[in-house]
Structure formats: C-alpha cells, structure tokens
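Here come two complexes built around subunit A, the first alongside subunit B, the second alongside subunit C.
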Partner chain A sequence: MFKAIVSADTLRDTLDSVSVLVDECKIHLNDDGIEIRAVDPANVGMVDLTLSADAFESYEADGGLIGVDLSRLEDIAGMADAGQLVQLELDEETRKLHIQIEGLEYTLALIDPDSIRQEPDLPDLDLPAQVVVEGADIDRAVRAADMVSDHIALGVDAENERFYVDAEGDTDDVHLELEREDLIDLEAGDARSLFSLDYLKDMNKAFPKDAEVTLELGEEFPVKMHFDFAEGLGSVTFMLAPRIQSN
Partner chain B sequence: MVDWTEKYRPTTLSEVRGNDSARDDLKQWAETWDDHREAVIVHGSPGVGKTSAAHALANDMGWDAIELNASDTRTKDVIERVAGEAAKSGTLGGGTGGRKLVVMDEADNIHGNADRGGARAVTRLVKEATQPMVLIANDYYDMSNALRNACREIEFRDVGKRSIVPVLRDVCRREGITYEDAALSALAQKNAGDLRSAINDLQALAEEHEVLTEDDIVTGERDTTEGIFDFLDDVIKEKGAEESLYAAYDVDETPDDLLNWVEDNVPKDYSGAELADAYGFLVNADKWLGRVRATQDYSYWRYATDNVAAGVAAARREPKGGWTRYGPPSYWSKLGRTKGTRNTRDYVARKIAEQSGCSMATARREVMPFLAAMTHHCKPRELTVAMAAAYDLEEEHVAFVTGSGKDTNKVQDIVADAEASKAEAAVEHSGGAFAGQASVEDVDASESGDTGEDEGDDTDEDVFVDDEEADTKSDDAEDDDMQSGLDEFF
Partner chain C sequence: MRLDDYVEGLKPDEEYERRKLAAEKSYAITDYLDDARASFEAVKQGDSLYGATAPSVFVGRSSYPNVSAGILSPVAEESEADPDDYATSGAWYERGLGIDNVLQYRTGLLNSRRSADVNVEDVWDGFVGTQREVAIADRPVDVEIGLASTPDFDPDQYAQPTANAPSGPNASVDSADLTENPHVPRAVEKTLEDDDWRAQGAMVYLYEHGLDVYDVNRVLSVGALGQGENRRLVPTRWSITAVDDTVGQYLRGQIRDAPSVDGVEVRLNEYMGNRYWVVLAPGHWEFELVEMKSPGSVWNPDPGGDVWMAAASEGYEGRSGYVEETAGAYYAARLGVLEHLAERGRQAKALVLREVSDDYWAPVGVWQVRESVRHAFEREAADAETLHGAVRDLAEHLPVSLGDLRRKSTMVAGLQTGLSDWA
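Coming up: the complex of A and B.
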C-alpha cells in the first residue's frame, strides 16, 4: 500500500538528484519515508537518497518496492506548477502508479524492479578530509574547470588549511582555492583525487545553489558529497569514483 | 521460469567446462594485468562459455564487472560514456587502487547504423583504458586490424561432446530429472560444440518428459549456413543437380552474387562442351536476373538459382576431383578498381545533365562522346576552357573527358582559366549590384575585363561551331582514336 501527497517542488528535487545518474530506479516505500539507491551503468557514480515521511503533506506506506522510469515521472512532475500538490497512489493489482495533479490524472506503468540494475552496497569509506562549502562555490569551480578540461582534481591542503580545485587542460589551467574563512567548515587532512567532470557537472545540477554541501575527500579515493533538501527532511549523498591518472 | 543457462552459469572459473587451457590463459592474463595492462579478446563459437568465463573471472578476482552488450545501443557516445568512464575510473569501494572488469560482449558486431562510430571508439578506448577489459567476439577476424593488434587473444574452442555430457548429467541431478545415459549422449552429439544450446535443449525436453530417453531427442538440426566455397565444390565437383540446388538455399548470398561466383570459377574445372553448357545455364540465369530488375518481381530469383546451381551441376559430364583454388568474382575487383573513374564519369554526366536538361544516361551516351572528340587532348584550348567553365569541371574531370593527364600544366591552366571566366561572368551577371561599393578604378577594370571576355566568348562560339563541323567530317577516325579508353564506361 502506498498513498502520498507531496509538493511538486520536493518531488522534482528528489527525481532530479537520481536522474542525473540513471534512467530507471527502484524506490523503497518504507513506513517512515522513501529511499532510493542507484549506481550508474559504468559503476562510477552512486546516489543514496532518503526523503522522510514528514516531507510529505500526507504519507502512508508499508514497505513496498517499485521500479520507475525516471524521465517519465519527471515529465509528469513537470506538469505541475510550483507549489502545487501531487497525489501519488499505487495500485497493487495492476502495478501502476496513479498520479493526480489538480484534476489531471496520469497512470504510470511501473517497471519490474527485478529488471533494474541491482542496488549498490554502500562502501565503507574512511575519508580523512571534510569540507563544507556553499553549492554556488562548487558550481563556480565546475563551470570554470569545464572550460579547460574533462577532469578535475579536488584536494585539501592540510598544512595551510585550504580546499582547492585544479583543472589542467591541454593549454589552459584553472585553479581555485578556498581558505578556512571562505568555507563553512573544514576538517583538514591531506587529500587529493581526480574526478570526471562529466559526472561532477551532472551532480552539480542537483545541488541547490543556496545549500551547504559537505564534501568528504581522500587520497586517490572516491568523493562523498552530501546535502539536504526539502527543508532538511530529505538528504542526498553522491559518491563518485576517482579517475585513474594516466601518464 | 528461470533459464537454466543463467541458473547454472559458472560463478568461478574452475566451473567453466571445456577449454581448460583458454581458461588458464584468461586467469593468467588477469593475474598479471598490472604488469602488461593489455586488453584481451576472447573469441570462439557461440555457446562455448566466453561470457560466462569473463564474469566468472571477475568474480574470482573480486572485481566488479561492467558489461556492455549488444542489447544496449552502442553508439560512439554510449561507449565513451559508459565503457570509457568505467575503464578510466577507479571503483567506489577502493578508489584508484580498485579494479573492475569492463566486459564488451559481441565486440565483433559494433558496426552498422545503430553503432555508428562505435568500432573506432572501442579501439581508442582499448588503448587508453586503465582498467582490465575483455572483448568478446565470435569472429576474431571481423574486428579491425588496429583493434586486434592492441589486444591479447585467447581462443575458446568448441566444447567437445565428452565435456558436454558431464555438465548435462550434473544439471539433471540438481533438477531431479531421470535420464538415460544414451539420451544425454545423443543430446551432446546433436549440439556438438555448443554447450549453451545443449542446456537449452535439455530444459525444453525436461518440460515435456518425465524421463529422458534417447528417442525423445529429436534429431532435427539447427539451421546452418553453407560457406560459398563449399557450395562451389558441391556445384562444380561433387553433387548432382537436386543436391546442388538445396545447397544453394543454405548459402547466404543473393542469386546475383552466386552467379558471379560460379561464372568466374566454373572454367577452372569445366572444359569444352560441358563448359559451353554451363555457360548456357548461366546465360539463362542472367536473363532471369534481368527480368527481376526490370519487373522488380523477385519471385523470378528462384529460376536464376535453379540455373546457377542445378543447371551448372547438370552440365557436368565427367567426374571432377582434386582441389581447385576458387576465387572471388573478378567483377567485384573490377568495380573496386574502376570506382574512382566511374565517380568522375558520373560527376561529369550529372553536370551536363543539369546544364542541358537531359538525363544522366543521355549525357553519358550521347553528349560525352562528342565532348571527348571535340576536346581531345585539350585541343582546341578555348573550347576546353569553355567546357570546363560551363560544366564546372575540376582537373580530374577535364582529364577524364579530354584524355590528357590530370597533373599536367595544360589541364591545370585550363581549369584556372575556366574559374577566372566563371568569376567574371558572375560579376557581369550581378548587374552592377556591387557597383556602389567598387571604386571607380575597379569598375573601369572590370568593364575592360568584360569587354575582353565578350570577345573571348565570341571566338569560343565560333570555334565551337567550326569544331563540330570538323568533327562530323572526320568522325570515324577521331572517334576511334579517343574512345578506346572510355568505351567501357559509356
């Protein structure tokens, strides 16, 4: 059983965070909220999302699992204006999701969850450095790096207590440094890893520009990027595997 | 219902049956990958366990397996995004030290429309990859040379009957099926080489029968395609009319191609009267193909095949033996060799057709021979320049029509002059649209140029007429001289 009413903005934020990595995903309908975990086809990027039942106007669920085509669902959510409410109801018999937006009714055929790629295990990582920055700073770094290269280095200089971003292109370079006072928080520890800019760009799209984003970094290790949405009732963690430096 | 081939897919390399040495090679490749960092091509017939081995290997090594198979659209973009990123990145669990296995299934099939640019993307990827990659293919030689050179090669051979029977026995035991040994043996025999289809057959049989007996094994065979060289042996040397015809049905070639193959190879074994008879049948076949082309009624194809296969076999009068080196139809290599010339010819014909409003065929048959005669070896020069300008011809086209060398100064000058006269004509026809912009001097210059051009045009026309007259008079001699090389194209 699943029946919920949620604001269109919250629904869109939720879907956008996942759709940057995959086209289809499984959604766990737990009794205290929904949970989505997915990994992209190349096993490079991963998303772990939870949205508490409190983020919904009303919420009833008893632990079901559904598979959805994200772009379809996004299109439907796009039909709603900001502030409008979306009503979702699962028909267990037909395995279809009934969606209502102010009189507009849409019946979405679901995907067999078994046919969707397995959900990843959450890797247990012990990352030495942690940085909390504004979403807008990441956006600036990613956009600048994108002009010169297809990969980007994220690092923390423990000694000087600064977070830095490097992008080296064939001819041009981009370098961005943020001191402790520019950052919301910093747990210094030596860290530097190279990442695919394509993925970071996609993930960056999901970061709310006014939100705090927590980055956890290591030496040649994946990065964890965490942020809250829906007024703190939803949380997203992205993980991205590092590029291997080829020489 | 679970597919048994999935259910009993080996989870570790030691469970992969048959192909012990290939299996060991694969393991050794993976264990030493850090030293050589090469990709590997695993190739062999369908159903021998290539994909299973790759996944079992990933499992044994504790690597994640990223698979890109033929059911994904494998365009250049998708390959670069998925396999490319996978092959250049570390893992989520282990960072850059973590390993994963990128498995590219059916790597010999990355071409055609859906996979545009895919084959080249794979080659580049193999060279740039920082993670181990396995390319799986049925036909090693269907992959480009560049790709083969960049990879190691491991061949999986057909799985022998003796290796198939124990697998079937094992599956039966685990599924609780009663069986006769002879039944499994017959099943293995029937699917010689292909372990996967043997297991599929077993599953299908187990659905219907409680106890498997030898009689349950239908001896029908899977469709196979017959190679063209076997077919030539059948038709020319070994088989009678009826059998040859049946053989033709299994060959994956159109009747047009079959005709070319047989036509080129039959004189290597036939001689005298029987060869004449064989060609008689080939002529009939060609007539039927002509009817197909004219009417677009492809049901006539059957009569062409009858003649090519049964007819030629029936024409044989004495037994043939030994081995003959059959080769591909020379018609193809001729088409290949003349491709450039034919393109040039078609370009010229199209330009003429556009200018004079006739069809390309008419331009080729009725205009180009005259043009060739009129401008033989670029004489008279003015006429040749006028022609090049009128039809917008480049060096190679002028060379084609006149028979002069393409790289000679003469031809290049003519084209340059033609360009110049075209440019002047364009200015002239612009009706002074640019006059406002041009300075007084420029206008003067172009006016004087125009006058010169006009005079030139006049002379051109004169020459044209003169030459045509001259041409008609000395028609035979000229014709003979210049058309010897072009004949076959008109």
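Coming up: the complex of A and C.
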C-alpha cells in the first residue's frame, strides 16, 4: 500500500534528478521514504536518490515497488503550480497510480518493474579527494567546457590545495581553478579524471545552483557527486565513470 | 602479429615520397571531359529520341522540394563496357578502379533529367514512373529518352571540383519510356507494394534480403519505400547517408548485448590515396572517425597549408546530432565496422583514422570510404596491448602529432569506461 501527499516542487526535483539519466525507473516505497537507483543503458552514469517520509505532507507505505515512465510522471507533476500539493495513491488491484492535483485526477499506468533495467550495485570506491563547491561553479565550468570540447577533466592539485577543471578543444582551451578559499570545503588528495560532457551536462541540470555539491574524485576513477534537496530531507548521489587513457 | 612488425614496411621516407608523388600528376579533371564530349557528339546531332541502357538514377538536391530527377545512362556510342559497370557499387573497389577510371565512368554517364516535385505518392506514369522502374530493377533497363536539349557539362562543377563527386553531362528530357520489362527482385516488389511499411524497416528488410546499400539507396531515392503519404524523391546525396545510417543503426542494435572483442586489433587498408587505420578495442560500442587531410589533397588544396582534421564520434547509444565535420564519410565508415562486428557477433570500441594524401586529387564519392573500411577487415590484424598504446605507435606514421590527434579525437583523449568496470 502507498498513499502520500507531497509538494509539487519536491516531486519535480525528485523526478528531474532521475530523468536526466533514464526514461523509466523503479521506485521503492519504503516505510521511511522512497528510494530510486538507476543506471543509464550504457552503464556509465548512475543515480541513487532517497527522499525521506518527512519530506511529504503525509506518507504511508509498506515496502512496495513500482515502475514508472518518468516523462509521463514529470508531465503530470508539471500540471501543478509551485506550492500546490500532489496526492499519490497506488491501486494494488489495477497496478495504477492515482494522482490528484486540486481536483484534477490522473490515473497513470505503471510499468512492470521486472521489465526495467536491473538496478546497479554501488561500486565501493575509495576516492582520495573531496571538494565541496557551489552548484553554480560547476554549472559555469560545464558550460565553458562545452564551448570547446566534448569532454572535461576534473582534478585536485593536492600540493597547492586547488580544485581545477580543464577542457581541451581542437584549438581552444578552458581552464578553471578554485583555491581553498573559493571552496566550501576541500579534502586534498591528488586526483584527475576525464569525463564525457554529454553525461555531465545532463547531471548538471539536476544540480541545485544555489546550494552546495560535494565531489569525490580520484586518478582515472569514477566521480561521485552528491547534493541534498527538499530542505535536506532528500539526497542525490550521481556516479559517473571516466574516460580513461590507460587501456 | 605484433603492431611494430605490422607497420615495419611503412618507412617514413616512403610515405613522404608517396605524398610527393601527386606533384607530377595532372590535376585537370577537364582532361576527362574531352573523351566524354566526343562520345556524346552523336547524341547531340542525332534524333531527339535516344535509346539508352540505364543502370542507375540520380536525384539532385538543389531547389528542394522541386528537385531534378534523372536517369543515368552511358553515352559511349559503341561502348563495349557493360552499362552495369557505370553504376557505383562495391565492385568498383574489387576491380581496383583508380581515380581516373572512376572519373571516366562518371563523365561518361549522361544524366537525362527533368524537374519533379518530391512528393511522388501514387505517381506511376510519366518520367518519374520510368525513373522508378530503372531504380528498382536489378539490372540495367532499356529506355527511350526524348531529349529536349543538347547534353552539356555543368561548367561550374568542373571549375571547382571540391566537395562533390564529379558527374557527367546533363540534358533536359521531354519523355522517357521503357522499351523492356524491367526485372525487379522479389524483396523490392514487396517493399514497393506495402505502403504501410515505414522506410527504415523496409531499408533493413532489403539489406537483409541481399541488396547492398548501393541498391537500397537507389530504391529509396526514387520514393519507392515508406508509408504512402511519406513517399518522396530523396536527393541521392542524402539517401546514401540515410541508408548507411539506417543499416548501421540496425547492425548496432544487433551487437548491443554481444560480448566484446578480446583484444586490441589494428588493421590498415590503402586505396586511392587514402589510408585507413582501423583499431578495435575491448569494451562497449563506441565509434569515431578522424580524418586527416593532407595539404594538396582535394578538400585542402593549399599545398603549403596544414593538415586539416575532422572528427565525429558516438557512444554506446549512438549520436543525436548530424556529423557536421565528417558528413557522409562517418556513416560509410561506421557501416563497414558494424558489418564486421555483427558478422563476428562481437562489440568493440572502434577508431578509424583516415589519412587523405595529396594523391587523392579528385573526390570520387563516399563509396570509397565504405569499401576501404569493409575490405580492411580482410586484412590480418596486428595486436596491441591497449588502444592508446597502438595509437602512440601509429602516431609516427600519421601526418599529425599525437598531441594534435588527442585534441581532435574523443577516443584518443580517453575511452569511456562503464561503472561495472569499477565494481
């Protein structure tokens, strides 16, 4: 059983963080909140999201699992004005999700969870460097890099306590450096990895521009990018596999 | 075979000589026009009715959607050549045609054309109908063409033979009628008759039923495929790319879940002043074509200039945008790679490096890329430990530095890993 009321903003933030990577996903309806974990078809990018029951106006669930078409659900959530409430209720018999927004009723057909790509195991990574930056700084770096290249290097210079971003194009380069005082926090360790901008641009769309994002980096290793939403009651971790030179 | 043994024969000095060789060549395509002009004098002077054996068709792209629809036929008066030889196909590679041979075929092919609206749903009679019959037949078709003008070459095309493959003379036509019943393959009849069948699916069906992309291209370009209301004449240049792309996507789908190649494989093929390094490496599908066009080659005519580089790539799920820099060569090269992988039932990361030397003095068309890559796989492969190791070893045989290559090439900059590689 699942019955919940949530603000349209929180619902949209939740869906947007997942839909940048996949078109459909499984949602775990746990008793203490919802959890979504999904990996893109190429197995390059992954998202791990939790939203606590406390982020909802009301929440009742007992551990069910549903599969949803994200763009459908986003369209429906888009019908609500900011601040409006969205009521969600699962009909166990018909396997449909009843959605109500101020008198508007929408019945959404669900997808068989078994038909959705299997959820990935979380790689257990020991990453030497951690950087906490404003989401807006990542946005600026990604947009600048996109002007010259289709890949971007993220690195930490441990000795000089710097976080840096490099993009090399055919003729033009982009370089951005943030010193310790420009950063919210830094755990310095040598790190540098190259990433596809296609993926990072998509993930960047989900980053809050006015809040902090934590990056964990290594040498030719995946990056973990973490941020909170819904006033700290929601949490998103993206993981992105690098493009590497060593094979 | 190890990669360093494989490339041992390629001494830098010889390569330099090879690049210099073209200096002695005549660059005038107009030389070929004289022969062609002589052979169609007869056509010009004679009756306006002209009997021809047409192996192919052409659809122009200027002033779309009012395009020029043409029937191609050899003009040689007493030609001993088989008209079929004039149609572009993989056989041109197998017969080892050089640039000059191709230009002879091309300039010896009369394009009898008239303007036509691209919307050809249910248009069966008249010129467009005859053109369609020629295109769907699997052998050259006898037609009687009523010329409205004397054939002539388009002088602009030969003044600057740059991006377009040269073609023969053009003539306007009043009429074109079949003088025989064309032989049409069963599979083509099936796709022609079914006007509820989307073009992409029909193209793949024809390919799977033994038509090569050259044949599928002809059928597509005359508007003989697709759902009824979508049937259009498709300019030849666009339809070549559409077929390469569509068949490529189909083959890519076939290898989506296939196991990877086991190791790095490097192959080399050379044809018509083009050298292709085809490198396969283990992992999920990824593809890139990098073109290096030497100074003095056809698209980079300044002999004192820099090597001109172009690149385009795709990841496991393909690409969404058109390939601005490499255009149709990208899809032609990708098709050659995918055909090989699908046949082996493997997937791979594939990097194709194309070096265009100044021996390549006139563009012959994208078929040259397709066939060169296809036939590269008949060659024995050299092994290498890693793709990047292989590229480092190849770099000394390339006309650009490793640094420049890394800047231009997404795959040389870094190969995409998957998260499961780190689990």
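The rule is simple: the second predicted complex is superposed on the first by the 244 of 247 C-alpha atoms of A that agree within 3 Å, B and C clash if a C-alpha of one lies under 4 Å from a C-alpha of the other, contacts with A are read in each partner's own complex, and residues count from 1 in each chain.
The working rule: contacts are C-beta pairs under 8 Å (C-beta built on N, C-alpha and C of every residue); 3 or more make two chains touch, one makes a residue touch a chain.
Worth saying up front: this structure is predicted, and the values here are computed from it rather than measured.
Peer 1: Based on the superposed arrangement around subunit A, label subunit B with subunit C as either clash or fit.
Peer 2: Here the two partners, once superposed via subunit A, clash with each other.
Peer 1: With the two complexes superposed on chain A, say which partner A:T50 touches: subunit B (first), subunit C (second), both, or neither.
Peer 2: It touches nothing on subunit B or subunit C.
Peer 1: Which partner chains sit in contact with A:S7 here, subunit B, subunit C, both or neither? Use first/second/both/neither.
Peer 2: A:S7 sits against neither subunit B nor subunit C.
Peer 1: Touching A:E168 in the superposition: subunit B (first), subunit C (second), both, neither?
Peer 2: A:E168: touches subunit C, not subunit B.
Peer 1: Let me test your reading of the model: by the given contact rule, A:P222 touches which partner, first (subunit B), second (subunit C), both or neither?
Peer 2: both
Peer 1: Contacts for A:P120 in the overlay, against subunit B (first) and subunit C (second): which applies, first, second, both or neither?
Peer 2: both
Peer 1: Counting contacts the way the document defines them, which residues of subunit A are shared by the two interfaces, the one with subunit B and the one with subunit C?
Peer 2: 39, 41-44, 46, 120, 123, 125, 196, 198, 221-222, 239, 241-246
Peer 1: Give every residue of subunit A touching subunit C within the complex, in rising order.
Peer 2: My answer: residues 39, 41-46, 120-121, 123-125, 150-151, 168-171, 194, 196, 198, 221-222, 239, 241-247.
Peer 1: Per the contact definition, I'd like the list of subunit A residues that touch subunit B in the complex.
Peer 2: 39, 41-44, 46, 120, 123, 125, 193, 196, 198-199, 218-222, 239-246
Peer 1: Across the complex, what residues on subunit C touch subunit A?
Peer 2: 281-282, 284, 309, 313, 315-317, 386-388, 406-408, 410, 413-423
Peer 1: What residues on subunit B touch subunit A, complex-wise?
Peer 2: Residues of subunit B touching subunit A: 64, 66, 68, 81-86, 88-93, 95-98, 100, 128, 130-131.
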